[in-house]
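Have a look at the structure below, then the notes.
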Amino acid sequence: MRPSGRQLNEMRPVSIETGVTKHAEGSCMIRIGDTHVLCTATIEDRVPPFIKGSGLGWVTAEYGMLPRSTTSRMRREASAGKQGGRTVEIQRLIGRSLRAGVDRVALGERQITVDCDVIQADGGTRCASITGGWVALKLAVNKLMKTGSVISDPLVSPVAAVSCGIYAGQPVLDLDYPEDSEAGVDGNFIMLGNKQMIETQMSAEGSTYSRAQMNELLDLAETGVEELVAAQLAAVA
Amino acid sequence: MRPSGRQLNEMRPVSIETGVTKHAEGSCMIRIGDTHVLCTATIEDRVPPFIKGSGLGWVTAEYGMLPRSTTSRMRREASAGKQGGRTVEIQRLIGRSLRAGVDRVALGERQITVDCDVIQADGGTRCASITGGWVALKLAVNKLMKTGSVISDPLVSPVAAVSCGIYAGQPVLDLDYPEDSEAGVDGNFIMLGNKQMIETQMSAEGSTYSRAQMNELLDLAETGVEELVAAQLAAVA
Amino acid sequence: MRPSGRQLNEMRPVSIETGVTKHAEGSCMIRIGDTHVLCTATIEDRVPPFIKGSGLGWVTAEYGMLPRSTTSRMRREASAGKQGGRTVEIQRLIGRSLRAGVDRVALGERQITVDCDVIQADGGTRCASITGGWVALKLAVNKLMKTGSVISDPLVSPVAAVSCGIYAGQPVLDLDYPEDSEAGVDGNFIMLGNKQMIETQMSAEGSTYSRAQMNELLDLAETGVEELVAAQLAAVA
Amino acid sequence: MRPSGRQLNEMRPVSIETGVTKHAEGSCMIRIGDTHVLCTATIEDRVPPFIKGSGLGWVTAEYGMLPRSTTSRMRREASAGKQGGRTVEIQRLIGRSLRAGVDRVALGERQITVDCDVIQADGGTRCASITGGWVALKLAVNKLMKTGSVISDPLVSPVAAVSCGIYAGQPVLDLDYPEDSEAGVDGNFIMLGNKQMIETQMSAEGSTYSRAQMNELLDLAETGVEELVAAQLAAVA
Amino acid sequence: MRPSGRQLNEMRPVSIETGVTKHAEGSCMIRIGDTHVLCTATIEDRVPPFIKGSGLGWVTAEYGMLPRSTTSRMRREASAGKQGGRTVEIQRLIGRSLRAGVDRVALGERQITVDCDVIQADGGTRCASITGGWVALKLAVNKLMKTGSVISDPLVSPVAAVSCGIYAGQPVLDLDYPEDSEAGVDGNFIMLGNKQMIETQMSAEGSTYSRAQMNELLDLAETGVEELVAAQLAAVA
Amino acid sequence: MRPSGRQLNEMRPVSIETGVTKHAEGSCMIRIGDTHVLCTATIEDRVPPFIKGSGLGWVTAEYGMLPRSTTSRMRREASAGKQGGRTVEIQRLIGRSLRAGVDRVALGERQITVDCDVIQADGGTRCASITGGWVALKLAVNKLMKTGSVISDPLVSPVAAVSCGIYAGQPVLDLDYPEDSEAGVDGNFIMLGNKQMIETQMSAEGSTYSRAQMNELLDLAETGVEELVAAQLAAVA
């Protein structure tokens, strides 16, 4: 029995509201249950030095949590003077995942920065960031295509992510915070719309898992990604 | 003629939505036209070392802007490794202003931290932060009073803030970004509900102002504060 | 009755000694009672990136306190690894105030940096820094005019600053440290020689002030600025 | 055909030399082909604040690369003033992985810090660090058991790690640097001696992978871990 | 022929003015020609952790240069966010040198911090800091003895320092900046009043020196120290 | 009697193993008793800005200690966020010393960075770093000469360093850690192969030394340097 009363293979309610800030080239607020993340995409003409002149584009991401997005207040990273290890890990993951779904030749020599800021956290913020981040990215790319700056769509397929884990001995889909903090094993699964995998991260502290269990989680993840992709496509339609 | 078509003494539309995040003891989203600030208040039992054991309470504030709250993307302060001078100045102002409206004996030896995070910026973010910050603070204090942790209300009067300036030679109320970036003189006026003043900051770059002009801006500010206080009281009612 | 026995409208003794360091293009030691600030002005041919090629000049300021300029030793900011919020606020104020008295076209595309280092502190260090900083700046500009690098004087009027406050219920001019640490309201008033205002900062912690009180402090400030401007003009004559 | 001429399922030569530094409670130099990592384990009686008084032990890890362990010199992180994102990610992984093989009750309230310093890098440094780190950890624990500070062995099974990837379209075991920099997909597989999994990280940039491919890599990884565990057990015998 | 016209064994004019700041327990402005250093000594009851409870005292030093103490403006270290390597080296030297002249048992468990801030630099600032630092330290200790906090004088002998070097092929005493920037070899010699040595630092970039040359410089240094000690004793008399 | 049983003028066993890492242009592991330092030399075509276009070369050095090179674990400087004062001092000394033995015209406009990383520490790490650093430097230069990039040898003579001190009242050569931590006076002596001196650093905490004692230490140092230079020449032969 899950704390929320959900079925083992049941996602929390998913909503994606687009156009939530007037300045960004693309933006959305993604809500996966009580996890709310504001995603914005910014287009810039400059690219990082290591691809200058290559004709290739770049997509990068940054991640942050508002200090009181969590149950008890977290110290503001700007005031602490640096981004913590967890933040760095997550924003590298978001960037890497989104890039896996980008045709960098078609994008052309420009950079898109996706900012994912957690307004309210209840588990699964990195997965929500990737899923919402793709929507913001797509909306920004649509602008480039409308003006003719980009001709062929560099985003061939959505990129979506979901967490699964073993909670109270059972495989469950889309962990919320109470589950996440108790789970013996949890994983993040990032896929394209066609279920081809981009990144798989499974991890256990003080416990371990078998290949059979891994496969059960992968099955759940495919279900979740299907639902998320549908929400993404509806949002950018 | 103002870029927005407003009258010289006309505020932008003001709205204050409370209870916008489930974790914080008090929270609101304040919208002054296109300036949107998320304000949360966090109650903690510990106080800063310099008042430990004094029986007095403390109110402090932190301020941040999301990277793409602005027309062009700003570098994330957490990633830059420090809060900029402007940020530090603003959060010190917010804290000082809110404390001026607090009976620290009545509050008792606890600290309330008010976080003001700018979701979308169009001028006047520090004033919106103070005005919305007071609402979040009040809601948190109300919780303390409901549980009996605090007996007599430490917030005797609202604290509200508005900016005024001289734009195109004329005194105007509540500068938006296009006005702010052109104004020869601008000021921030922080007052109690009864118009007693808490802080006055007037400043000119490359221009100057007379006492007569200062008085015109003060008159406008009183008008604006009146409207803001009405919105605050409605929000916390 | 003021701790120092001064009249309510009486400044501390003011002295400005010029040419106190052989390297700087302009320098002075300003002494306002026991507050002593060493001000130097440095001319550089480069300007900040945002005005490069504009033909306009720039004036900026930095502020510091020697560790034992104060009653008890303060931690050295260089060793703490950053400038504190108060330092940042003050040096931004000094720069902004001095720029308000500069004709940046006449100055031409060069930068003058004014360093204000507090040798001994007894209240009012930011006002002394502005007043002394203008003298150092003027002396540096005089050098540029003597060599013909600058033709028409970019410093049309002195910029001077004084603090006033409400101490023991009475408005007083030029707060010293014992007054400053007790005052319910205090303000910094920065003006041109003709009393046109550049910046007004009034602030209260745990108290408030009326417009009538504000006007009393402005009256005192005008008296003080008059005396300071006379000292400035004598120093640069 | 692999650049090194190895078979698809062939590890590089593995050697583990113990007791390589006289100060550490446990130490080894692990060499996986041309990747050489010095691992030391330090026992301390203090534990992190969050488990103080719990009776539980803690294992943590730090990772570094000597500036010229790589083909071209990397900037020293101590001189850059912070650990990069990759370093932080890796040392968190090492610590998490080793902890998964520790009975923290049996360890008792003490901390063991495992330092992994890359002397020479040729791909797979994080996997070598985990594998060698476990040996250093085990040697340190053996000391605690010899003195009777620890009674029942907290390290029930070895923890070992290996990377696999898809190189030139084929699944290969134990990527060296030339393979790693070209691989479309690569993964790190951390397991106990009995092949139960502790952490699985698969990742693709600009490519994706199917579940079938994932399973091929897992098969290879099991082969590699078997060989590594044999080397670990020989080293600590 | 020296640029200043001085004899090879001739010091610049030395003056030590005491009591230059009202807050510090001991203070002086030392002037060695155009090198001017403000030295203050601060007494605190706390000691560093590593000697807590030992009954021993501690003397430490910090060093800084005002941004425009030099020919061209140096970046302020507080604003750069850290003390440079040269600063760290110098302040460690000052502290070490002064401690060598202190009877730490007689001082008792308290710390004295000597701040040396260069107001104007013309070579030899570290030697001037040591020589002036000792005067500030002595004055502070005198206060402790007057109040009876310290019974037997912990400062048995002055500590003084002078630089010598090989300039234009000849050994010279007390290098000024033009000499210092050209010298092939230069050294700092720190001694007690009786010429016993505390620290010797000789250094060459692109050149070398023989033992005979070293002895010539030591002879000069003894002459210089004699003159400095006389000035110190006069200042604290 | 020395703790190790060595004669007063007896060095610890010296060994220099070259070619210890495959990536660096020059490398060695120097072992002076239980002090082991890995030295690598990296050639780069760019030079520091201040000599760009001068045709002169540059040699610089960095120094680090592995966290568990010492008896108890030291905090990793990369994780502390900065290099400590001792590290900065030592790496500046190594760079300065090596440069004194380099003909920078013959080297040509390129930079060689010598990294000295202490694998195991037992006193005298800075001297071992200089001595081993020269070997790594020489091997790198030999490569440049073999390819014809450099024609005439810029390293005319070895640079070697040894520490001496007064331990238990007697002058001793090559202090190990137990001696170093007790010595009243200790010094580092850096010389060319012909005994011309490059740098002399003698220092005392709480004690002092006479010129006679200084000369005794210099005599010992010459003996030690002779032995070290022989080992250097054998290593690079």
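Order of writing sets the chain letters: A, B, C, D, E and F. Residues in each chain are counted from 1.
Here is the rule we use: contacts are C-beta pairs under 8 Å (C-beta built on N, C-alpha and C of every residue); 3 or more make two chains touch, one makes a residue touch a chain.
If you're wondering where the values come from, they're calculated on a predicted model, not measured in any experiment.
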{"item": "Contact-graph distance - origin subunit D, target subunit E", "value": "2"}
{"item": "Intersection of the contact lists for subunit C and subunit E", "value": "none"}
{"item": "Most distant chain from subunit E by Cα centroid", "value": "A"}
{"item": "Whole-Å gap separating subunit B and subunit D, where each centre is the average of the chain's CA atoms", "value": "51"}
{"item": "Separation of subunit E from subunit F, taking each centre as the mean of its C-alpha atoms, in whole Å", "value": "28"}
{"item": "Centre distance in Å when subunit A and subunit B are each reduced to the mean of their C-alpha atoms", "value": "33"}
{"item": "Junction residues of subunit C, two or more chains touched", "value": "82"}
{"item": "Pairwise touch network: line, ring, star, complete, or other", "value": "ring"}
{"item": "Cyclic ordering of chains (reference subunit E, direction subunit F)", "value": "E, F, D, A, B, C"}
{"item": "Subunit C partner contacts - residues on subunit E that touch it in the complex", "value": "21-24, 27, 34, 38, 40, 42, 44, 62, 64, 66-73, 76-83, 87, 113, 115, 117, 119-121"}
{"item": "Subunit E to subunit F touching residues, read off their complex", "value": "82, 85, 88-89, 92, 96, 99-100, 102, 104, 187, 192, 196-211, 214, 218"}
